[in-house]
Structures are given as C-alpha cells and as structure tokens.
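Two complexes follow with chain A in common, the first pairing it with chain B and the second with chain C.
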Partner chain A sequence: MMDWLTLMIFSPLIGILILSVQSAERKTVSLTGILATVLPLLLSLVVYAQFHGGGNLGVSHGWINFGGGMFQANYELGIDGFSLLLILLTTIVSTLSASVAAAQIKQGLKAYFLWFLILEIGMLGVFTAENLILFFIFFEITLVPMFFLIGRWGFVEREKAAYSFLIYNGLGSAILLILFAAIFAKTGTTNIEELKAIMASSEAVSEEFRYGSMLALLVAFGVKLPIVPLHTWMVRVHVHAPIAVVMIHAGILLKIGAYGLINFGLGIFGDQFAKVAPFIAILGLINLLYGAFLAFVQNELKSVFAYSSVSHMGIVLLGVAAMNEAGIQGAIFQTLSHGLIAALLFLLVGIIHQRTHTTKLSSLGGLAKRMPLAAGFLLAAAMASLGLPGMSGFVSEFMAFLGLFETMPWIAAIGTLGIIMTAVYILRAVLGVTYGKTIKAFTGMYDLTRIEMIPAAALLALIVLIGIYPAIITHTLQLTLESIMPGIGG
Partner chain B sequence: MLENAWLIPLFPLLSFLLLLFFGKQWKEMSSHVGIGFTGVSFLLSVIVLFTQMANGSGGAEMVWLTIGQLEFRFGVVVTPLNALMLVIVSLVSFLVHIYSKGYMHSDERLTTFYSYLGLFTFAMLALVISPNLLQLYIFWELVGVGSFLLIGFYFYKEEAKAAAKKAFIMTRIGDVGLLIGMILLFWQVGSLEFNDIFTAVGGGEVPEGLLTLIAILIFVGAVGKSGQFPLHTWLPDAMEGPTPVSALIHAATMVAAGVYLVAALFPVFEASPAAMTVVAVVGGFTAIFAATIGLVQTDIKRVLAYSTVSQLGYMMMALGAAGYVAGVFHLMTHAFFKALLFLAAGSVIHAVHNQNIEKMGGLWTKMRITGPVFLIGTLAISGVPLFSGFFSKDEILLATWYDGRYGLFIIGLVAAFFTAFYMFRLFFMVFTGEHRSEVTEVRESPRSMTIPMVVLAFLAAFSGYINTPWFGTFLGDWLAGDSEFLPFEHHEGPVWVMMAASLIAFAGIGLAYLIYYKKSLQRDFLSSHMPATYTLVFNKYFIDEFYQYTVEYAARAVGYLGSFIEKYIVEVIVAAVSGVTRAAGSLGSKLQSGQVQTYGAIAFIGLAILVFLVVWTGGYL
Partner chain C sequence: MDMETLLSYEWSMMAPEFTILIIATVLSLVDLFADKKIDRKLFGWFGAAGIGIALFFLFSQIGHEPAMILANTYRLDAFSLSFKILLLIGALLVLLMGVSYEAKGELLYRGEFYYLLMSALLGAMMMASSADLITLFVGLELLSISSYILAGTRKKSTQSNEAAMKYVINGGISSAFTLFGLSYIYGLTGSTNLADISREISNIAPENGLVLLSVAFILTFVGLAFKISTVPFQMWAPDVYQGAPIPVTVFLSVVSKTAGFVIILRVLLSVFPFAQGLEANTSLLQSMMIFISVLAGITMIAGNTVALKQRNIKRLFAYSSIAHAGYLLVPFVAFSEMMFESMWFYLAAYLLMNIGAFAVIQVMSEHSHSEDISIFAGLFYRRPWMAVMMTIFLLSLAGIPGTAGFIGKLNIFIGALFSDPSRYILAAVMMGTTVISYFYYFGVMAQMFMRPSGSAVPIRMPVGVTIAMVFCAAGTITLGLFPGVVLDFFQTQFNFAEMFY
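Right, the complex of A and B next:
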C-alpha cells in the first residue's frame, strides 16, 4: 500500500532539492517554484480520490520512544472530510500564490521559493497529523518560513510585522506546547483519536483539567483565527506582507485556528465546549461587528480586507458556538469559503498595487474604466465576500445563522447587523476603487493579462461552484460531521 | 410541461453567460441575442400559463443542500400567481430588450448592458417560480444584484455609484428582516416549502405571537424591495440607471417582488391580524406620502419613481386589507402602464436630451406616437373609467371598504386624487404649451422603441377587462380558485365607490388642466402660500438627510470608536505584554554574567523548585 499522505506532505522537498542545486536564473526558478507546488496539488487529488474510493489512508509508525515505553510518540497521519478539504484548499491556493510570487517578487526569488515550499510542508502536515506532537512540529514549521517571508519580502513596515507575527504566534504555540505536555502527562497518549475516546468516557481526568485545556486551546488557536483582541498582529501581516504571502496567510494559515478549534476544542473537549458556547458566541459577535465597523473606517484597501477577515472569522465562531449540525457545517463552509475569497481579494489587490503603486482609497477611483476585467473580478469577489447567494459565502453564512438561531436567537439577531455592515464596508471600499471618477491617471495601466486571469478565474469558479452546488463540499464532509456530532451530545 | 418550467429562466441565463464570455466581439449582434432568448422565455411562459389553466398547478424539485437530517430543495412550481408573474415579467422584459436596441444603440457598452439585463431577467423569472422560501430568497438577492449593476451602469458618474450603493444597502436592510423571518419560520415548521408552511400555519402549529413577528420580519424584506416607507429612499435615486432599466426593474418587475412576496405568503399574513394591519397601514401611508412628493418634483423620471412608490403602497394596502386579488390585479395593470410611462418618458428624454419637465413642452405635435401612448398610460394610472387602472384601483378601494378600514379607504381616495393631478401635470408640462427644449429639431423615436410602447399601451388600456364587475371576475376566480389556502370573496361593490373613484380622478385631472393647460390658476400656489410645507415636500421630507445625520454618522462614529479602542487600549496592552517579555529577557541576559557561582545558585534554586513541584503534585509533571 502506498503511503500517499507522507508522499503528499513531503513532496515539496523535491522542489527544494532541485531549487537548491539550480542556477538562480529567474525564469527557471519561477518555473521550478510553480511546478514544485503542482506536485502536491496532484497528490492531494489522488488523496481525494482515495478517500472517496474508501481506501484506508491512515499511517502509523513507531517514532520517538524512550524510557522503555514511558514516552512514546508515533508518526501518525490520517484525514477526515474537513482536513481533506483544507488540504485541497492548501494545495490549490499554494499553486496560485506561487504563480503570483513568480510575477511580483522582485528579488531573491529562489530563497523565497525555498521558504515557501517549507511553509507548504508545514501546512500540509498540520492538517494531516493525527498526533499532538507531530501536529505541534508541523505547526512550528509554518512559523519560521512565514517570519522570513514577511520580514524579507514585505512592504514598508515588514520587519515590525514579522516580529509581531512571531511574538503572537510564538506565545500561542508556547501555550500549545505546555498544554500538549500536560495532556500527555495526564493521559499518557498524544494520539488524537485515543484522546477523544479518553475524554469522552474516562473519569481519570478532572473536570477542571478539561476546562483548563479547552480554554488554553481557545487562546492558542484564538491567536491564529484571530479572536479579537488578539488580532492586531494579523492586520499588520495583511497590510505589510507580500501579496502572495497574504494569499496564503488569509487563505490558509488563519484556517489552522478554525481547524484547531473545531478538531481539538470541539472534537476532544465537546462537553466543556458546549458549556462555554454562549461565551464563544459572544466572542464571535464581537469579531463580526468589531471587524466590520473597523473595516468601514479604514482608508487603505488592504486594511479593509484585513478587518474583513476578522469579521468573517466571527461567523466561524458563531457557527461553532451554535453546537448543532447546521452551525458547525456553516463554520466549516465559512473556513473554506473565506480561504478562497480572501485569496482572490488579495490577488486582485496585488494586481492593482502593481499597476498603481498604491492601495490608498483616497488615490484610487474609477479603475473600471482602464481595467474593466480587474474591476469586474474585484466586484465579483466583493459580492462573494458580502455573502451573495450563488457564491460560497452565502451558503456558509446561511447555515451558521440557521444553526445559531436555533440555539441562541438573540445573539444571532444582533449578528445579522454584521450582514448589513459587510455590504456597507465592502461596497464603500470596492466601489470607491472601481466606480466613480478617475482620481489619478496612472501611467502604464493595463488590464489583467491572460496569465493573471488564470488564478483569478480559477478561484472565482470554485467560489461559484460551491455556491451553486454545495453538495460538492457536503459530500466530503458528511462522515466528519457524523463523528463530531455524537461527541457533543447533539 | 410544468415540470420543465425551469427552461423559462434558463434562456435569459444563457443570454447573460454568452454575452459575458463571448459578447465583446459581437457588438450590435448582442442585442439580437438578448431579444431572441428573452422572446423564447416569453413564448414558454405563455405556454405554461395556458397549461396551468387547462391542467392545474404542478412543478418539480430536487435536493440542493443537506445538513444532517435537514434538506433544502430547489425546483419550480407553477400556480396561477406564478404563471401570471411569469408572463408579466417575461413580456415586459422582452419589450424592454427590444426598446433598448433603439435607446442604447450608441452606447459602447451595449453588450454589457444586455448581459446584465439577461442576468436580471433570469433571476426575476427564477424568483417567481420558486417553490420554497430559501430559493425565493436566493433569487431575491440576485435580482438585487441585477438592479445594482444596472443602476450603476454609468459607473463613471458619481451619482450612479452612490445610487447603486444606496439601492444595495437599503434593500439589504430589508433582506435581513426576510432572512431572520425565514429562519424563525424554518425552526417552527421544519421546512421552507410553501405548501408545508401553509399547512403548518393553517393547522395552528405556529404560536400566534411568533407568527406575527415572522410575518412582520418577512414584510420588512418586502418593504426594502418594494420601496415602502421608511426604506423607500433608494428607489427614486435608482433613476440614475438607463431608462429602459427603470421601466423593467424599478417599475414593472423587481420592485413588485415585495408585493409578490406578501401575496405568495398570503396565508401566513392572513393568519395574523396584527401583521395584516401593519401591511395595510405601511402601504396606505406610503401611497399618500410618496404621492405628495410626486406633486412637486420636476424631473420626469423622479415623478414616475415616486408614483411607483405610491402605487406599490396601494398594492400593499390592498393585500393588508385582505384584498389578495385586488393587490395582484393592480400589480399586473401597474406593470403595464408604468412600464409604458417609463418607456415613453425614455422616448422623450431620447428626443430632448433632458429630464427636466420645465425644459420640455409642446411635444404632442412632434412625437405622434409617444404623445398618445403616454396619454393612455396617464389615463390608466389616473383611474379614468374604462382604462385598466380604473378596475384595479376600484378593487383596492372596495377591499379596504369591506375590510372595515375606512381611514385607509379615504387615504386611498386622496392618493388617487394626487395621482391623477401629478400625472396630468406631467402630461401637460411635457406635451402641451410652448416648446421650451434646447433641442429645436425634436424627432419621434425609432420603431424599435415605439413598437414596444404601442404593445404596452394596448395592455394598459384593455388588460383591466379580465377582472371587472361587469363582464366577470375571471382573474379573481382563477387566482384563488384552486388553492385551499386562499379564500376569495366577491365584493359586489356599491356603485357609489366606483363613482367616487371616477369623480376623484376627474377632479385631479381638472385641477391639473386648469393650472398647467389653461393656466387660469396660479402655478406657484403651494410654494408662495405655504413655503415651509413646499420646502418640506420638495426636499422629500428631508428623510435622506435624516438618515445621513443619524444612521450613517452613527456607524462611522462606532467605527472611529473602534479604531480608538484598537489604538489606545488593545495596542497598549500588547505593548505592555511585550514590554514584560522584553524585561524578562534582559533579566535573563543579566544572569548570564559568566560568574560560575551565580550559575550554581540558580541551578540549585531551580532544582529545589522542581523537587518541590514533583512532591507537591504527587509525581506528575
């Protein structure tokens, strides 16, 4: 039997090896860099086919073992519907991001791709690990490349953003490490499936410990998601990191927060999670509205979309807090949908910045005249972001609110204010840029090129596909939900 | 045939997609694509209408979204109401497609225009054949996007940008009401299929208080879409869009979707008397409120826009007064005569390149087709006997009378007076008197524009005869006929109501005649005698300004408050935390002094703490 998961996770290594012996000539580096991300993309499709073909993809090998079995951690990989979808999101957005990087990264492209491919290994590993130690290692692997990618290739305040990223995420992962150590000390295992079983039945672990662990998870993954007020680093990264990296960051890395909350918080500590669900719902409400109102007063396109991400992650929290199938499925849909939409938005922002060298709202306007295609795509992405039916965002928002109205109608009712505010801030920013009078005549403006059309059209097609035919997601997700739901007694 | 009714929206969708992807090379051809595909839709709609009449209702469905055990479906259903709406929408859309060929011929973005029209027509047709509330909501939002894109068609104009944004946001406020109402209803009924909802409501499964809340929330959606007070302000601004769009979307079809929604969910509203009163009162108030604004506007399209708001209020009032047939009947006649009026207004604008009625005048002799058809539309909307509007308006007045809502009955009469007055004011200002336009050579519009107007004029004149107290109430019998959920009572109306309505119409026309044709009464009567009232009405009761100073500024203030919190509270805490970390770091680096004694001391203290912890926790850690 082929170990497809290991093969997929570490397949970017091939690109790394080739890059490191290759000449630094720009064309070859670009080509290798992009092709190196196509390989995991193809392998992830194989994994998808295997998953639906009923093949057993799980892997378990003895790995770290000392003290005569006292400390034992296995190399364990496995996927469920949710992680499979996140893996596909990762491989797709990585390839698109690599193509953007090839066009927009001016210097040190080779080093960029080396870091980028390491980052991809980390991301794929995070969504595949079935073991806390392994998860933690992959989680850390994502941090270091990100630090350098932001710090070296970012915009003006790149170094500050990189440090801000490192401090917050470092604190988050320190909490994770302590927590994982404590869990191991209490239960003697780091296997996630075993932990679920232990936490569901055994009396060995005290209630206080479970609550403590759950709250620690909330903080650790809350940094990543991010939950207000732990979000400032993320806004900085959105604004100052290179666009190709922001596509990955907003599209995938933030999703680790949602994945961790749902998979560990809800999956392992379901009962405790249910008890604090109202608190989580309020956090979600704050995210949704705080992000929306701040996005409304920003003067710069990237910060608008950064706060928009904060706001949209509020929907994830609200959906999860609903603690029913509709809500959780909504949260998962929102995770995937926002990944695609954020990637598309930042792709377009990058193109606009490349043409105009600015993202200030006050100096942009009337772009639809000179760049009708780019403006059209931006408008479509805006519509997706504000939850227009027929696009992925609507399905997720509808399900999250459907779920929340069943369990917490008042919080849900206040939350609908966010639906209005999203339309307000998105249209203010996007129409401000594309419609109206041309404010400055930029020289050398040209519309989307054929090459740029490919990633934009691919992302938009996926967004529309999910919006029109959500079964394409639910089909993969069904089994996962069935395994989460009994855990929370829903 | 009925289960294949999904073909009807499919053709405009194809038109949209073809033009979007391949249209750039086609230029002139794109109008033919649009006209052809919509024409097919219209033919299919007519076939569906006759099939429904012959064989009764039907449809087809499939599962769209599953959530655990919950299922949401997609499909089509054809009932009398839906079949009627299909024909109205596809016909008006078809005519507007033809008209636009002439009106928009010189626009370089003709292809884009036709593709947007296709998108809108698709969404609107799909909306009216939805068998459940979720599907209706989905297309409800999509027609909103079609409207948004077309209002903002001249995107480089600041006014168009602002109007498009406003239309989207104002209707979205209403949509959120609809969304909440829909979700609450789902958790009560367990399904969003219309039939399941009606069965549950009819069986008393939904507590009455909650049902009232749900009905009112759904009505909020209708208020947004149909431009009812207090969410009406976007509709007059929507006139920034090209005139054919105003005729199709902002007169005949989309803005009537709110009325359609209340009609489609009529059993839900009927089960709650409180909700019915809300609908009737909001409708009645809007009818008279918008009519007063229409009295003093000088932009031909704005007058028609306020007239639309007012007439939609009329329809809502009818529905709220249990006049199901009256509301739907007026929806139909209004679609014809208002689309006609807008197209005729477009023809005038096309000829004189201006929208201000002060700069028109004397066009009757120069526009030998536009003039008469505009007159027919004006007679119809004014409720002059024998024209379509007369019969439907009469039905509405009767419905309010029989429902015991005498206050609304009087409001209806007064609004009818205003309507007749402002419409004839418009007619006399535009078509009679001396020529005031800067364009000296005024020519009649091309045939692609006049033919659709003539067709609509025919309908505006005669479509009322399908439901009259004299020849039979075919429409009413058919609409409410085969549904177990819709009670239909014949109102054998007292003749005096009809007489009163006619007299009111003639009084309004007469007053307009004296002021604007004979000029025997002063024009500036209102502005000179009651300047404060005039200013108030002319500025649309300052509602836009009110919203700006309250809602808009409040939202911005909250945003700035958030920024303040972000900057001075969140960031300061972050700085404090990182400061502590840094202090700990520098403390740590001080300890690395190179003195072995210090190291030894620290190692010992550390070991002691560890041992203590191990003992204290009983071996863990």
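Right, the complex of A and C next:
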C-alpha cells in the first residue's frame, strides 16, 4: 500500500533539495519554486480520489518511547473530510501564492522559496497529524519559516511584525505544548482517536483537568484564529508581511486555529465545550462586531481586510458555539470560504500595490477605469466577502446563523448587526477604490496580465462553485460531522 | 593496604581513567622536553585519539555489574557509565575545536591547554564514579583547579586574566560552601563513604539531626550550584565565558556543567532520600524540593531575561547556558521515574547544540576579530551551509521541533507533569521563559538571514572545528527526528536502580 499522506506532506522536500543545489538564476528558481508546489497539489488530488474511493489512508509507525515504554508517541497520520478539504485549500493556495511570489518578490527568491516550501510541509502536516505530538511538531514548523518570510521580505515594519508574530504564536504553542504534555502524562497516549474514547468513557481524568484543557485549547488556538484580545499580531502581519505570504497566512494559517478548536476542543472535550458554548458565542460576537467596526474606520486597504478577517473568524466561533450540525457545518464552510476569499482579496491588493505603490484608501480611486479587470475581481471578491447569495460567503454565514438561531437566538440576532456592518465597511472601502475619484498620479498603469488572471480566476471560480453548489463540500464533509456530532451528544 | 589487596582489585574498571591520565602525563612531559618548534597542535590530535581509546574502553564496560574498588571509594555503575560517555564525547569535541583555535599569539602555552583539559576531564570522570565524599571532592577540585588555569590561558588578554581571577575566587567560595555542607553530613553519620552514609542517615532521629541535615543540604547544593551555574552562583559565568578562550568556554559550559549535575545527583541522591523529612513519611529530599524549584525558576527567568540585553555573543550564550541549567533542574525537582532519562537526554542534546553553536561562533569571531552578534550578519549569503548548521543549533536551543532540544524539553515536561505532585508551575515557568528565549535566538538568526553582510572576505574553516560542527549538527537532527536511537540504547543498557546501595 502506498503511503500517500507521508508522500504528500514531504513532497515539498524535493523542491527544497533541487533549489538548494540549483543556481540562483531568477527564471529557473521561479520555475522550480512553482513546480515544487504543484507536486503536493497533484498528490493532494490523489489523496482526495483515494479518500472518496474508500481507500484506507491511515499510517501508524512506532516512533518515540519515553520513560522505558511508559509513554509511546507514534508517527500517526490520517484524514477526515474536514482536514482533507483544508489540505486541498493548502495545496491550491500555496501554488497560487508561489506564482504571486515569483512575480512580486524582488530579492533572494531562492531563499524565499526554501522557507516557503518548509512552511508548506508544516501546514500539510498540521492537517494530517493524528497524534497531538506530531500535530505540535508540524504546528511549530510553520512558525520558523513565517518569521523569516515576514521579517526578510515584508514591508516597512517587517521585523517588528515578525517578532510580534513569533512571540504571540510562541506563547500560543507554549500553552499547547504544556497541555499536550499534561494530557500525555495523564492518559499515556496522544492519539486523537484514543483520546476521544478515553474522554468519552473513562473516569480517570478529573473534571477540572478537562475544563483546564479546554480553556488552554481555547487560548492557544484563540491566538491563531485570532480571538479578539489576542489579535494585534495578526493585524500587524497582514499589513507588513509580503502579499504572497499574507495569502497563505489569511488563507491557511489562521484556519489552523479553527481546525484545532473544532477537532480538539469540540472533538475531545465536547462536554466541557458545550458548557462554555455561550461564552464562546459571546467571544465570537465580539470578534464579529469589533472587527467590523474597526474595519470601517481603517484608511488603508490591507488593514481593512485584516480586520475583516478578524470579523469573519467571529462567524466561525459563532457557528461552533451553536453546537448543532448546521452551526458546525457553517463554521467549517466559513473556514474554507474565508480561506479562498482572503487569498483572492490579498492577491488583488498585491497587484494594486505593485502598480500604484500604495494601499492608502485616500490615494486610490477610479481603478475601474484604469484597471477594469482588477476592479471587477476586487468587487466580486468583496461581494463574496459580504455574503452575497451565490457566493461561498453566503452559504457559510447562512448556515452558521441558522444553527445559532436555533440555540442562542439573542446572540444570533445581535450578530446579524455584524453582517450589516460587513456590507457597510466592505462597500465603503472597495467602492472608493474601484469607482470614486480617479487619481491622476498613476501613469502607465496596466490591467491584470494573463499570468495574473489565472490565480484570480481560479480562486473566484472556486468561490462561486461553492456558492452555487455547496454539495461539493458537504459531500466530503459528511463523514466528519458524523464523527464530531456524537462527541457533543448532538 | 598491602600489595596483595592492591593487586586483587579489578583495575580494568578504571581503564578509561587510566587512559586519560597517561595521555595527560605524557603530553605534559613531552611539552616540557620537546623542541619548541614542534607544532603543539599535534598534541590535540594525540589527545583526541586518547579520548577515542578511553571511549572504546568505556563502551566495552557497558553492562558491567555494579562494582566498587579502592576500599569502596570508586564505583562503576550505570549512572557513572552513562554520564562518562557524555563527558568524554564533550571533551573530544572541545579538543577538536581547540586544535583549530587561533588567537593571534595570545595562546602562548598551547601545550598547556591540551594536558590541562585532560586533567580537568579526569577530575570530571572521577566525580562521576566516586562513592566517597573524599574522592568526590578530590575529583571536583581537580576539575576546578585545571579549569581556573584554562580560563586564564590567553595570558596577554586582560579579559582572560580577569576571567581566571573571578573564576578562582568564586570557585573557592563555592568549594568552601560545599565542603562545609559535606562536613555536616560527615559529622552526623561518622563516615565519608556514601554507602555507609545512606545506611546511617535513616537512623538519625529527626529531633536531633533534622536542622543540621537541612543546613547541610542547602550548603551542599548552593556550593554545587556554582559548577552548574545556577542561582545563587551564576554571576561568574558571563565574565568567565567572555574572557576565556572559546574552547575553554565550551568546556566550562558543557563538560564542566555536566560534571556538576553528576555530582549533584550523586551526593544528593545517595544521602537525602533516606533521611527523615520535615513532615512525617517524607524524605528530606522531598521536603527540600521546594527550595530547589524556586532556585530553578529564578535561574530560568534570570538567565533568559538578562540574555535579551546582550550584544556580545559569548555573554549571550553564557546567559543562555544559565537558563539551560535551570531547565535541567526541572526533572530533578519533579523526581519522577523519568528523571535520569530526562536529564541525561537533555544533557546530551545540550552538549550537541551548545558545542555546535560555539564552533560556529569560534569560526566567526576569529574571522572578524569581534564578538558582537553583528558578526553573523548575512552569513547565509556567504557560507550557506554554516548558516544552516547554526540555525539548527539555535532552533534546538530554542526547543523548536525537529531538533534534539525539542525532544529533550518534551521529555522534561512529560516527566514533570507525570510526577506526583505535577509540577505545573515550574513547567509553565520553563515554557514561558523558553518563549522569551526566542527573542535572542531568533535575533541571531535574523542577523544571518535578514541583514546584509559587511565584508566579502572568504571565511576560513579549519578542519577540527568543522568536524565538530558537522558532528553536532548531524547529532542534533538525528536526536530530534529519531530520538529512539539514543533513548532505546539508554533504556535498555542502563539500569539506574544500580545507583542506590
């Protein structure tokens, strides 16, 4: 039997090896860099086919033995519907981001791709690991390359943003590591399936420990998601990191938070999660409204979309807090949909910045005349972001709120305010940029090139596809929901 | 003691020590009589070969039944064997670095460096094997006195002289503390033999000896804290590390520190678990753990926060090494079944990553005649592989997965949380300070990758230091990805229950 998962996770290594011996000539480096991300993309499609063909993809090998056999950590990989979709999101956005990088990164492209491919290994591993220790290892592997990608290739305050990323996420993973070690010490296993079984049946683990663990998870993944008081680093990264990296960051890395909360918080500590659900819903509400209001007052395009991400992640929290099938499905949909939308938005921001050298709202305007295609894509992405029916954003928001109205109607009712606010801040920003007063200063501006069209069109096509035919996702997701729902007594 | 008893001892037990002793003696004699023109670097290779032979003897002893010779003062058991492996490998790597060390005529007496290193190593090995307070103290002093001189071998450098002076004075004070504490133990039990002490000490009635024993514990530990550079005796480390020649700095931060942990484990675990504690049904060791855990916490915080301010790379690593000593006390405080494994593995990881990092530092500071962290600027674009290796060492020191440092930390955490009671606070302090340490470790990496390099002069990489560097990098990665290689060996070959009498 082929070990497709291992092959897929470590396939970027081939690119790393080739790059490290190759000459630093720009053309060859770009080509290798992009092709190196195509390989995992192809493999992830194979995995997708295998998954739906009913193939058994799980892998398990003995790995580390602590304390003379008392503590056994294995190399265990496996996927369910949710993680499979996130893997596809990862490979797709990575390839698109690599092509953007090849066009926009001016210096040290080779080093950039080396870090970038390590990052991809980390991301693929996070979604595939079936073991907490392994999960943590991949989780941390994403940390190091991100630090350098932000700090070396970012905008003005890049190093500050890099350190801020490092310390916040470092603290998050510190909490996670202590938690995982504690779970390991208490239960003797870190296999996620085994843990689910232990938590469901055994009395060996005290109630306090479970609550403590759940809260620790909430904080650790709350940094990543981000949940509001912990979000400052994320805004900084969105504004100062290179655009290709922000695509990855907003599109995938933030989703690790959602994945962790749903998979571990809900999956392992379902009962405790249910009891604090109202609290999580309130956090979600704060995220939604705070992000929306701050997005409204930003005067710079990247900050608008950064706060918009904060706001949209609030919907994930709301959906999860609903604790019913519609809500969780909504949260998962939102995770995927926002990944695509954010990637598209930042792709366009990157292109606009490349042409105009600014992202200030006051210095942008009338792009519809000069760059009709870019403006068109931007408008479309904005519509998806504010949840226009027929786009993926609509499906996810609709389901999340549908679920929430069932369990917490009041919070849901307040939450709808956030949706209105979304429309307001998105339209304010995007309409000003696309229509508005034409700024004369930009001469020699050209529209999307054919090469740039490809990633933009691909992302938009996916967004629309999910919007009009959500079954493409539910088809894969169904199995996951069935495994999560019993855990929360739903 | 007559001839017959002497001959009846199983002298082969001391084969590794004899090897080192012979090498040290031969080197010192040859240095004295040989022509001044003979390159003293040959001594280094000769010494390295000697350590290789000693390692060979040591490995052939693995699995040996616990045994004692010399009137029960010298002991061969799993504990001594396992730690002597670390000491020898550490010294071997230091020697390789020493061969490549060039300091513009500052190192006048090069021969001295090699045989003093050997005698210091011999002292460390004696400490690991001693079963008697006297032997132990002799080993400790042999190590210390050799190190005092080593710290001052850059004879014309004022910094080096200052380092040696500070080291002597601080070392003298701490030795006095230790000796004072040991004298109480002797006074209460009437013996210097650890086996006798551990038998006698449980008979001491709490109302008679408890206070004295507690004082003895604190004094001994505080005195020994000097060797491992933890609070309250950590202040010498930055100055001495900065002033000493780099190979000596490495020796102090790795071999000497390992020996310090060895002696702490040996003395404290042979004596205090058997003494009645402050409360009923506890041992004195358990009662005193709170004291050590506070010191460990302060050490981690002090080491990591002060390191943030350092620009001099050697000082930075001095504080980093203080912090790591704090981490290493955590398993000792937790005192679970995994204690030896955690400490041994972390010491092994620390050996690899710290020596490796210092090897890179040595190359770079010799190249640019400076010790400011800016010497690393743009290294990735000048010597990519060296930058990659340095990154591996720094990531490992920061405890990032994929490296030995991470597995070591994970092992410590599991032990600390598995023990009864779980040491949550200490684990949290350790993790929190680890995150603080990201700042300065990543700061060095930021220099290598994000800053432009100032000069384009090719960097010379001498053979010895390169071997050390590559060995450490390979080891750090291997222990990080396949820790089973070493952990299984450790778990199957060494039975630490042997340590107790």
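Keep this in mind: the second predicted complex is superposed on the first by the 487 of 490 C-alpha atoms of A that agree within 3 Å, B and C clash if a C-alpha of one lies under 4 Å from a C-alpha of the other, contacts with A are read in each partner's own complex, and residues count from 1 in each chain.
Throughout what follows, contacts are C-beta pairs under 8 Å (C-beta built on N, C-alpha and C of every residue); 3 or more make two chains touch, one makes a residue touch a chain.
All figures in this text were calculated on a predicted structure; none of them were measured in a lab.
On the shared subunit chain A, the superposed partners chain B and chain C overlap sterically.
In the overlay built on the shared chain, the residue A:310 is in contact with neither chain B nor chain C. Of the two partner chains, chain C is the only one that A:144 touches; chain B does not reach it. In the overlay built on the shared chain, the residue A:167 is in contact with chain B and with chain C.
Using the contact criterion defined above for the overlaid structures, shared-chain residue A:5 touches neither chain B nor chain C, since it reaches no partner.
In the superposition on chain A, contact is made by A:419 with chain B only, not with chain C. Residue contacts after overlaying the shared chain place A:325 against chain B, while chain C stays out of touching range. Once the two complexes are overlaid on the shared chain, A:342 sits clear of chain B and of chain C alike. Of the two partner chains placed around the shared chain by superposition, neither chain B nor chain C is touched by A:466. When the shared chain is aligned, chain B and chain C each come close enough to touch A:185. Shared interface residues of chain A, touching chain B in one complex and chain C in the other, are 167, 185-186. Partner chain B is touched in their complex by these residues of chain A: 167, 185-186, 229, 232, 290, 293-294, 296-297, 325-326, 329, 366, 368-369, 383, 388-390, 394-395, 398-399, 401-402, 405-406, 409, 412-413, 416-417, 419-421, 423-424, 427-428, 431, 434-438, 470-471, 474, 481, 485. Residue ranges of chain B in contact with chain A, taken from their complex: 64-70, 134, 137-139, 141-142, 145, 152, 155-158, 160-161, 164-165, 168-169, 172-173, 176, 179-180, 183-184, 186-187, 555-556, 558-560, 562-563, 566, 570-571, 573-574, 578, 581, 620-621. Only residues 62-71, 111, 133, 136-138, 140-141, 143-144, 147-148, 151-152, 159, 162-163, 166-167, 170-171, 174-175, 177-178, 181-182, 184-186 of chain A touch chain C when the two sit together in their complex. The residues of chain C lying in touch with chain A in their complex are 337-338, 341, 380, 395, 400-402, 406-407, 409-411, 413-418, 422, 424, 427-428, 431-432, 434-435, 438-439, 442, 445-446, 449-450, 483-484, 487-488, 491.
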